Each structure stands twice: as structure tokens, then as C-alpha cells.
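Chain nomenclature is as follows: A, B, C, D and E, assigned in order of appearance, with residue numbering initiated at 1 for each chain independently.
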Amino acid sequence: MIDFIQMTVSGIAVGSSYALMALGMVLIYKASEVPNFVQGEMALLPVFIAYMLIYSYGQSVFTAFFGALAFAMFLGCFLEFAVVRRAKNPNILGLIIITIGLEMVLLGFVSWKFGADQRVMPFPISSYSSIMFGNVYISTLDLLTLVAALVIMVALFLFFRFSKLGVAMKATQQNETAARLMGIRTNRVKMITWGISATVGTVAGLLLAPVFMEPYMMWDPLLKGFAAAVIGGMTSLPGAVFGAYIVGITEHLFGGYVSMEYKAVVAFVVIVIVLCIKPSGLFARHYVKKV
Amino acid sequence: MGTLLEIKNIETYYDLIYAIRGASLSVEEGSITAILGNNGAGKTTILRTVMGLIDDQPDKGTIEFAGRRIDGADTEKIVRMGISLVPEGREVFEELTIRENLMMGAYTRRDKKAVTRDLDRVFAYFPILADRTGQWAGTLSGGEQQMLAIGRALMSRPRLLFLDEPSLGLSPLLVKEIFEIIKKINQEGVTILLVEQNAKKALEVSNEALILENGRFVMKGQSGDLMKDENVREFYMGVRSTESAKGYQRWKRKKVWR
Amino acid sequence: MTFFAVSGLTMAFGGLKAADDVSFEVAKGEIYAIIGPNGAGKTTIFNCINGIYPPTEGKIIFRDKNIRGLSPDRVARAGIARTFQNIELFSNMNTMENIMLGRHLFMKTGLFRGGLMWGKKSFAGKEEIQNRRKVEEIIDLLELQSFRNKMVGALPYGIQKKIELGRALAAEPELLLLDEPCAGMNAEEKQDVIFWIKDIQDELGITILLIEHDMNMVMDISNRILAINFGRKITQGTPQQVSMHPEVLKAYLGGDDEPDLPDPAQKEHQQA
Amino acid sequence: MDMKRSYYEDVRLFSSGVTVFWFVALMVFLFFYPFVFTNYYVYMANYIAINIIVVVGLNLLVGYTGQISLGHAGFYAIGAYATITLMTVAHFPFLAALVCAGLIAAVFGFLLGLPALRLEGPYLAIATLGFGLTITTVIGRIEMLGGRQGLHAPDLVIMGHHLTSDRQFYYLAVTITVLLVLLARNITKTKVGRAFIAIRDAHIAAETMGVNLVLYKTMAFALSAFYAGVAGGLYAFVLRFIEPELFNLFLSVFFLTMAVAGGLGSVMGPIAGAIVLSFLDLQLRNILSIPYIGDWLRDLSASYFSLTGVSNIQFVIFGSILIAIMLFEPLGLYGLWIRMKKYWKPWPF
Amino acid sequence: EVGVTDTEIHIGQWSPQTGPAAPWGAVARGTDAYFKWINANGGIHGRKLIHHYFDDAYNPAKTIAGVKQLQEQTGMFAWVSGVGTACGLAVKDYLMERGIPWVGPSAGSRHWVTPPQKHLFNVYPLYLGDAQLLTEYAVTEMDKKRIAVVYQEDDYGKQGLEGAQHVLEQHSMELAAKVPVSISDTDMRPHTMKLRQAEADAVLVFVTPGHVARLLGTGKAMNFEPQWMSTTTCGDFPLMIAITKGLYEGVITASFGMAQPTGNVGGIEHINNPNHELMAKYKTEVYDAFAADDERWGYTFTTGIGLAEPLVEAIRRAGRDLTREKLVAELEKMENFQGLMGRITYGPYDPDDPLCRIGQQEIFLQQCTADGGSKILTDWQTTEFIPMSQ
């Protein structure tokens, strides 16, 4: 029983970082309908910028982190403005390839600048300290990630619920021409979502970095985040978080009770099963085109 | 009353297709202007050009709205200046509800109270929409979607309203109502540019009309005059001396592939 | 033999009954129109016949067989083709290919024979040529020659509607469902469509089920009319009978006013 | 336009004598290629030929049928493993093993096609991605397939000839590639191909015209998987050693990239994509040995970046090229070709 | 001979400079610096070593392409090192069929010597050996009862697992747990849970340094602190101390000579490290002089030197008229050659005897101190070769 609880808690812990990536994914998908493969690298570069601020410019950890978040906002907006927007009559696959291209460029830059070695990112709290409930451990860093994921989700949720931007995003995604005809500055909407998305991703990155920092650090969270977003329905913020916890918990329970070897892929099998039952994920209504 | 919209000699290309070949048009403030024309004449293209929906077009010519150049401006900006378009093919937001769709129409407006009033007004025009506020627009019937598209445009309280075949897919009763509505909102001060296939209705309701063929205006005049024109009657209103199709002798010979 | 009959057809979306106990019968060779206000459930009936929606209740009999619940392709195989209200063309194919797809059911080329098409004389080659001939006939009939090699996505609305008609014809159906074939056309073009529909009926012997809001046309060409509202049948009968039915007048045509006809001459013809 | 003598002109393999000429020229070129170029370029041609097979097959799925796949490396792996296993365990001759491997991959394609019937967009992307990952994970667990230790390819014997050199293998690979490309081209021009496109453009309309969605969607998956499977079988003999990690997600993504950047929905596009991107992929690592540019990049790295990471410039360049292709030509390299053709219209292409 | 001119000897090498495996790229850069140093000191018999190394991103298809290109367009005399089991296996046949010598594959896989190849000379001590020695030590010296293995799911991890199991069998013991890690795993919690559940008191980890760091961190956060033990791969203590933020203290690893030679690690004396001086010399003469500014002096870099030493030595011994045949002959004659690593001995080619090409099986154990220095636990030990089971 203790094991079960521990595994569930750990699942939630790891799920929280997936959740942050998933939230970022969902945001961009909501406005642009692109599965965003540069999500991870949009977080990676700011994380390394923070690292640089700390080590090369002697900034404090807090300044560096804020700097990174601000930079992320800028980076997201910039990528949308300078690249994604420039695509002429893009189709979804074209956009996917563009994000893959961006991914390569950013990853290339980071590895070019910093080499392939592991780095050590200082963090205000130790990643080794943990809180114990009975026999169940949760590391303070995990707890922080969990809180961050939930707070960001709620904040985004409320923001999109009560600001016009939320509907504007949805409208943009569904029919960009019509959205522009409504006077929605679709380009600006998309740019902002890219910015927010990069910032959310960077939060995830900064929380992952103290444990593990190298140029490929964001790949696994990206894939799992993508998976989580899909389970949640790709357009739902709570869905993304929920999906992330499903992925995290399944992984852990499966790893614990069934097989460690297949742990890495179990999430995807679960997804296929979920999707067979609900083709648009758990939190999205399935729209069947009417003729 | 001055000229609200002034289109001078615009030319529009779709890539290599020369769709609008120098068209000029001016719309008087407070009037209803109708554009008639065959399939593919370029009516939709003119509206889309004015709205800035075709990238980098018009290729030549100028468009002025209320004295300001708008050719080459962003659609969003044009819309915010007070032009609204009911697009061909409805273009409703399929996965938004009826209410959300209508509210998108009022996206640029800040006067919440007036928006609510306008919403009620739209619901009064189209009661069926009021019954279904929570239904996804994509699952509406064709005619319902058309009503929604019109309602959505009304929600923005435009100065100038473009209607691209508003009666498309509507029942005869609703067609009548639509034209009543058009008249009414015109009386409320909205200038209207109307593209219609239903020439009779369009000419009835409009003050002035133009006929577009192959990307050029070929005829222009007061609606009343046009209605009497022989050619217009024959080609756009289908008025012929014979009675109905049932009694027709088929005159179009079928060609056999060589 | 029952050629085509719908009985007790009900289609519910949640609480909304888009079609509610609709029954009618269509005789071979006739043009049968369905009219009704917007949202009355006309398209829904088509979708049920077609197998796009699974009806909640009811029977759909086509040539003595119940085709309810068959998937759309099976329905097509049974001999029913249709056009759509909102154009559903294959926008990245040209006109010829679109119509060629209508021949799908008549072609037997599979992966292997298609992949190994090595000349005019090969199975696939022969089949292509044969079906192309058929397609050309349709292109000629509908006067689409100048659009033959154009991508349909960019063609004008009215042309697209014609291509859809052509595609449906290519399937050589016994029953053809036309959902607002004249929408978006001007008077002259409508006339053309009317002729074609007549031709289809007369020369090809295809039975037609028609939805149309243009009363002029409906009155002109249909043998019988079914009027529905709120998914329920109001009345059924000859054009004259239906057009004078008070409920049709009120809900559909617009109360006291006369139907939307361009010419006084025709008005008289109507009321005769 | 109206002067057509026969409808067959629209579908036949060579639309005119000029095309026949170019095709023959190409064949002659391909035949003499190994005599002209060094072995390294022959290897490169083999590698590219194999990629062409995969990408042409992938394009049938992605470009024609409109179904995305991020799991093609999985089919590729199945083909590679099946070919070797059939040859070593069941003692199949190579070609038989290759065809069977393709068929086995096709069966998996069919199976993956089933859930795909209901999925689209990102949902399908993640399902196929999961498939790719699962396949390699499972193969890594099967001891008979060598697990993570990998598997060596047996000797390649065709009709009594041992194919040991790249040059010998070249003729095999190129023959198979040409055949499969022609096959794909014909398929797209006939009934099945039209049905694929119809499904992509308007699946409901396609269905009402009699296209069986279940059949054709799964067929597209199976066909595409068959191509990947055959390519995988050949790949096993190019490397002569395979292990599961070879068939990772990057590879699937790379395949998709080649297809899209080449230009979906045409046969020539993906071929161009496969050639250009495979070539870049192999050649960009040499960027630092280009005179002047290499030195300049090194100086740049030393002063602003790091020297240990300097090789990563190839990513930056590769990514930028991808972006540039997609930005300037949404139809990919094929679009570029079309434009050039328009420009050079008078030329007899 | 191919690749040998009056003034030059061309030597090829592949390594991942990009991609997830890029940290191993330092091996090639180590070799590169080493060759530069040799050249700076006059080369070998009047010839300079021209080092061609290329990036294959750990992708065998690219390894083949690169090897062919260099071999056929420039002409390599021999190949040195070359990172990765899969990459190596993909080009093995090509090189062997052509009789091109290949010395010191950069991965401790048994594949290199089963079956032994005339022109392939192993240098790197096998992972099997690491596992054997570590397990033996844990059982006999530390009296550990519950030994668990965490292994990466590839050659590296699998052979580690096999080695540990082999030794435990000899002691009639069983593994407390074996926990697989896939390269893509970033989350080590489930693995840690498994180990904790098994109540392991010593854990052998056959994973990458990054994974080790995360594993230790996760363990620490879960209050699970067994005796961690690892391989030569994770024996770079200064690096490990840094990326584990000090957690690495007390961890025991196998080693072939990476102990920090300088005084900057807290004055630990490397009593048993016979190549201390050589290491110090390389640090100043090779690394300081020829490595890029941002290069790290660490295990991968020194491995690059260590793996190339036998080749260089053999070329030197072969004399001025250098041929491949002579090179092979000299290598075969090599006995107890001591460079950075353990003593290397080859024998005449015998297709049935892996030991004729294995080179060395010598390692020793070291324990990490708080400041990243090492405390030497054992003297050089030779482990028994476990042949492939089939």
C-alpha cells in the first residue's frame, strides 16, 4: 500500500513537469493548431541563458530566472513573428516541419554554445531535500513543480476564461480568415500565445534543470507533454494537466508493478487505448463534420 | 451624405489568374448598392480584395474608406474601421457555440450593454438561433449557419456591411425576411454593399446596382432602371417570354466527344 | 416492388429530433422534392438515407431492401449517389479527376493491377480509358470542358456545384439525391440546371430526390413534393397541392404573400 | 487541350516522348553511376535509394491519404528485422525474405491503420509515434532478435551471386527503388490513388461515392508500411548490422521531414526531398573541412561559441534549410520545381 | 602503403560530436590533441600523424558513410578508437574485409573479440570486467548481501548485468534486483522505488553519468542511500561530484587510470596508481597545450589518449617503412605495454582465442572523496574473460 501511494505520488510529481510542457503545447495548439515540436527548445534556450547569467555575468539566481522567463516571452513571440508567421498558406504538416526546423536550430545553437556536457544549475532549494508523509516521500522540488503546474494552469484557465483572448484564440484556430473578419488581430493573438507558451515551458525547464541539465534535457518531457496534451484533448488546459498526471501515474504504477522495461512506452499504449474510445481525448468534445 | 467607399481601378490576381481587371465603384453613405454577375465574374473577389483578405492585393488601384486609404491594410484594421463582411460560404466558427459565434462578432466592441441589446435583436430576427445558443455552429443546418453569419456581422455594428449572397440557402420566407432586415438596418444608418444572385430581390432593395462580368463592371445605374433593362431581365432575372421549363423545347444540343 | 421508401424515420441529436417519424415513398423515375424551412431536417433525411447518420428509428427501403444502417459506401454501391449542400469536392483534384472518382464503383483496378499499369492494353489502362470516356460524356453534358484540368478548389461556387452534380452522375445511380443544386446560381444558370435535371430524369432514367429552396424550380420540375417542418411531415402531394397548403404557406413561403416568382405569368401558372 | 487523341495520355507513365527520353537518360545515368563515382558515392546512393523508398511510401500515406505518421521507423525496423530473421532462421532466399518482410510490415501497417480510422491530426501523430517507440522497445526485448545487442546480417546471395560490395548492392537497391517508385506512381494515377486523395480532401464525399474508408485507409497504411518494410530490409544489408536504437523517433521524424520538404502529394517531390535531405544529412558533417568557411566557423566558435560544440553548426544549418524550404515554398522542393517549369516553359521537359 | 606518405600517416576516427551521445565526442578530441602533441614532438620516424575524425552523431549509417569517404577518398592507414558499439559493428566488416587495422574501439564490448579479428585490437577493458570486479568487491570486501544492478538497455548495461550475475553465481547469491533504464528516461523515480523495494545494500549502475547523477539524487530525496558502485564510464570524479552536487562522495567505481594527478583534489595520495606521472605529463603537455579552451580535462578526453597509445606505440616500433602488416605484427608482439591504462598484451592471431586481441583486462577500484578526489581501493586486478554463452 505504501508502495502504491509512493508510486502514485511520484507519478504525480513527474506528471507535474509533463503538465507544464503539455500546457505550453495546448496553448499553441489552441491558437495555431500546430503540434509544436519546438516547445522543448523554446524552454531550453532560456534555461541556458539563465545559466549563463549566473555563471558568466554573476547574477543572482533570482535575477537570472526572471531574466530567463522574460527572455522566453520574447523568444516565443519572436519565433512566431519572425518565422512561423512568414509561412505562406501553410498547411499543418508544413508548420510541423517548420517547428522541427526551429527545434534543430535552437538545439544546435545551445549545443554549439555550451557543448554537450552536463551542467549544474544552482537552485534556491536543494533537489535532494524531501518532505515525508508517513513513509511517503516527495521531494521539495517536486512539490514546487506540482504547485507551479497547478497555479499556472488555474491562472491560465482563468485568464482565458475571463479575457477575450481565450475565445479569440479558439476562433483563430478554427477559422483564421473569419477571425480576422471579426477584427481579431490573429497575428498578435498567436504571437502572444507563443510567448506565453514559451514562458510556461521555461518554468518547466527551470524546474528540471537542477536535476538534469544538458542540451537534450527537454526531449523526454516534450514527448510526454505532447502525449499528455493529446490525452487531455489538445485544447483543454485542465485536460493537459490531467493527462499529464495520467501519464505520470501510469508510468510509475506500470514500472512498479508490471514491467520496468516497457515503462517508457506504456504511456503511448494507454493513449492509443484512450483515443480508441475517445478519439479527441478526454476533455474535448469530438466534432464530427456535418455535411 | 458623401461617398463612403471609393474603389478606383483595382486589379486583383490570384497568383497568375487575373480575376479583377480594373474595377471602380463608389458607395454612397447610407445607400444600398448591389453587385450582380455570373458565376466567376469576380464579385466575391472584389469584396475579399477590399477586406484585405487576398495577400498583397490589389495589385493596382486604390481603395478608400471614409476618406482613408485601406488598400494593403490588414483585415483586422479594416474591420475595426467599420466594415463587416458576411463571407461566401458562411465561415462560421464550427466548434464554437452560436452564442460564442455571435459574441465574436462583437469582439471589437466595448459597450457591453449595447452588445447585449444587439444580441437580443439578432435573436429576434432569427428566433431559431435563440433556441440553440449552446449548439456548435458546425452542426447547424445550412440555412441556420447563414443566419448565424449574418447575425454575427450585425453584431459588429458596422458602418459599411458587405453581404456576399446573404440569401444563399435560405427558405423563401427567410429570403423575404432577410431583405426586410437589410432594409431595416440600412434605415438605421448602415451602408450596404450587396452581392446577390437573386437579382430581382437585390434590385428591389437597392438604390444602385452594378453588373460585373469577367472582372469588369459592364453596367451601372439606378436599380429601378436596371430592372427595366431588357438584358438584365433576361440574363439575371431569368425572365423569358416562354413559360416554364416543363414546356420547353430543349435547345442546348449535347455535344459528342470527338 | 418498392423502389424507394422511407418509413418512420427518426433522427435525434440529443434532445433535438431533426427528423421525426418521416415517411414517404418515391416511385421509379420521378422527381421528388423535399421542402421545408431552414433547419427543418431535409439534409438530415439525406444524411440518414446515405448512411452518414445512423437513424434513431425507422426503415429506409431501396428496391425492397432495407438499407438503413449501411455505411455510406455500401449505400453508394446499392445505387444511390448524392450532392452536398455545402460543396464537398476534392479540392486538390481537377474537375476531370473529381468526376473520375465518381466512377470508383465501376473500376476494378486494385493496388496490383493499378501499380502494374504498363500500357494502354493493360487491364488498368483499358479501364482508365473506358471510364474516361464516360467522364468526358458527363463533362460535355454539363459543359465543363473549360474547367477539365483546373483544380476545383479555386473555381466559382456555381461551377463547383455543377462538378458535384457531375461526380454524382458518374456513379450512374438509380437514385440521385440533390441537396440544393441551384444555390448560388443566377437565373440563367438555374435554368441550365433545371434542364440537366430534366435530362437526367428523362434520358438517363434516374430517379431524383431533390431539396431546393427555389420554389420556381421546385414547382417546375418536381412530380411530387414533401413538405416538412421541425422534422415532421406537413404535407405531401403535387406541386399545386403543396404550394397551397396553408401551413406550407405560413411556415415556408411566407404567409399571405405569393411564392417568390419573377414573373406574373408564372404566378398564374402556379395558382392554376 | 481539346486535341487529345486518347484519354490514356493522362495516366500513362510517360506523358510524351520527351519524358521517355529523360527516363531513359536517367536509367543510363543510373547504370553507369557506379563506374563514374567512387565507392563512397555508391554507398551514398544506396542510402539515398533506400530513403527514397521509405519516403515515397510515406508520401502515399501522408501526402495522398492525409494521414500523418510519426512511426515509420517502426515499419522500417520490422522490415529490417524480418528480412534478417527470415533469412537466418527460416533460410529464405533474400528476395523472398524481402518481400515477406514488406508484407509483415504491411500487416503491422494494417493493424496500426485500425485505430487510425478514428484519429486525425495530433491524435494520430501521437498514436503513430507511440507505435514507433513501442516497436523498437519490444524488439529490444526479444532475445531471438538479438535484443539490444543487435543482429548481424547474413551474406547476401542473389541467384547464386554473393553481393559483397556496395557496387553490387547498388544495382539491387536501385532496381528495387525504380520499380517501387514506378509502382507508386502508377498507383497514384489510378483508382486507388484517386481514392486516397479523395479521402484526404473530403472523406465524407469520398464515402458517399463508394470509397470504403476502412479499406482504403488501412490499405494506405499497409502499403506505406510495405514500402518502409522493404526499405528496412535493404537497410539491414547496407549496415549489415542492426540494433533497435537505429530506428528511433529521430528517424521517423527525418522521414516525415524528407516527405514534407520534398513536397507532399506528388511522386517526384518526396524523391527530391529524400535526395536533398539525405545528402545534406550526410554531407553537413563535413562543413568544417570546407576551406575558408570551416576556418571562419572555427574562429567564430572560438570567440563566441564553443569549439567542442562546433559540429552542431550542422543542426543550425539543416534546421534553417528546412525552415527556408517551408517558408518560401510551402509545397516543398516539388513546388520549386513546378515554378521552375513554369518559368522555363518553352523547354522540353 | 595506403595512408602513409613520406611525411604523413593518416589515421581515421569517428565519434558523435552532436546528438544525445555528444559527450563521448571528447574521446576523439583527446586523440586529436594527443596526435598534435606527438607531431609537435617530431612525429614518428619523421612522419606526422594526420588525424581525421568526423561526426557520426552515433548513427551507424553515418559512420559507414564517413568511414567509406575517408577510406576511399583520402585513404586511412588505420583507424583508432571510434565510439559506440553499434557504430563500430556497422563498419567492422568493411574494415576487416579490407585488412585495415583498427585499434582500440571506444566501448568495452565483447563483440570486438568474439570472434577475434586479425586487424581489430581491443584496448578498452570490457564492461564485464567492471561488473565482475565491483561485485566481487562488494561481496567479499564489503560484505554486501543484497546487490542490485541498474543497467542501460544496450551492450554496456547488458554485459554489466551479465558480469555481476556471473560473480554472484560463483558466490551462490542472487541479484536483489535488476532495473533497466532506457537512454531516453529522465525520470529515475520508478527505478529508485524498485531498488528501495528490493532493499538493496549495494547497487551497481551501468548507465551514463547523467543517469547516475539523477539516480543518486532521486535516491537521496527518497532517503535511499545504498553503496553505489559504477563503471569506468562514471569514474570521472570531479565531473560526477559536480553534477551530483556532492552526492558522489563514497561511490566506488572501476577505473583504468583517471585518478586526478594534480594536487587540486585535496591532496589524496595515489599510492597505487602507477601511471600517475604519465597522467600529469599528459595534462600539461597534451591537454594544456593542444585542447580547445572549453575542453574539459576528464575521463572521456583521457580515454581518447589511452586508446590511441597502443597504436602509436606500434607504429613507432614498426619503424620507418611502415606497412599494415608490420603494424599488426608489432601489435601482436606487444606485451605488457603500459600507457595510461592497464598493461596491454596481444598475441598471435588465433581465431579461437579472444584473448589474443583483448589487449587488457586490468582495472582497479577507486572511491570518490568529497572533493572529487579518489581513494584507491584495490591494486590493478585482472578479471577473467567470460565468453559469450551461445
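In the analysis below, a contact is a pair of C-beta atoms (placed from the backbone, for glycine too) under 8 Å apart; a residue touches a chain by one contact, two chains touch by 3 or more.
None of these values were measured; they are calculated from a predicted model.
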Other chains in touch with both subunit A and subunit B: C
Where subunit D and subunit E overlap in contact partners, by chain label: A
Path length in steps (a step moves to a chain that is touched) from subunit A to subunit D: 1
Pair exhibiting more inter-chain C-beta contacts, B-C or A-E: B-C
Furthest chain, CA centroid comparison against subunit C: E
Chain centre separation (subunit A, subunit E; CA means) in Å: 37
Whole-Å gap separating subunit C and subunit D, where each centre is the average of the chain's CA atoms: 42
Chain centre separation (subunit A, subunit C; CA means) in Å: 48
Inter-chain centre distance, subunit B versus subunit E - centres from mean C-alpha coordinates, in Å: 75
Subunit B residues counted as touching two or more neighbouring chains: 139-140
Contacts with two or more other chains, residues of subunit E listed in rising order: 18, 22, 25, 153, 182, 294
Touching two or more other chains - residue numbers and ranges from subunit A: 88, 108, 111, 115-116, 261, 264, 289, 291
All pairs of touching chains, each written as two labels joined by a dash: A-B, A-C, A-D, A-E, B-C, C-D, D-E
List of subunit A residues in touch with subunit C within their complex: 291
Interface residues, subunit E side, partner subunit A - complex: 18, 20, 22-23, 25, 153, 179-180, 182, 184-187, 189-191, 193-194, 197, 209-210, 213-214, 217-218, 220-223, 239, 242-243, 245, 247, 294, 296
Residues of subunit D defined as touching subunit C within the complex: 1-2, 6-8, 10-13, 183-184, 186-187, 189-195, 197-198, 200-202, 204-213, 219, 223, 265
Touch list for subunit C against partner subunit B, complex: 13, 35-44, 85-86, 133, 136-137, 140-141, 154-159, 180, 183-192, 194-195, 198-199, 213, 215, 219-221, 251-255, 257, 259-260, 262-263, 265-266, 269
Residues on subunit B engaged by subunit A in the complex (per definition of touch): 51, 53, 55, 74-76, 79-80, 84-85, 87, 91-96, 100, 103-105, 107-108, 136, 138-140, 152, 156
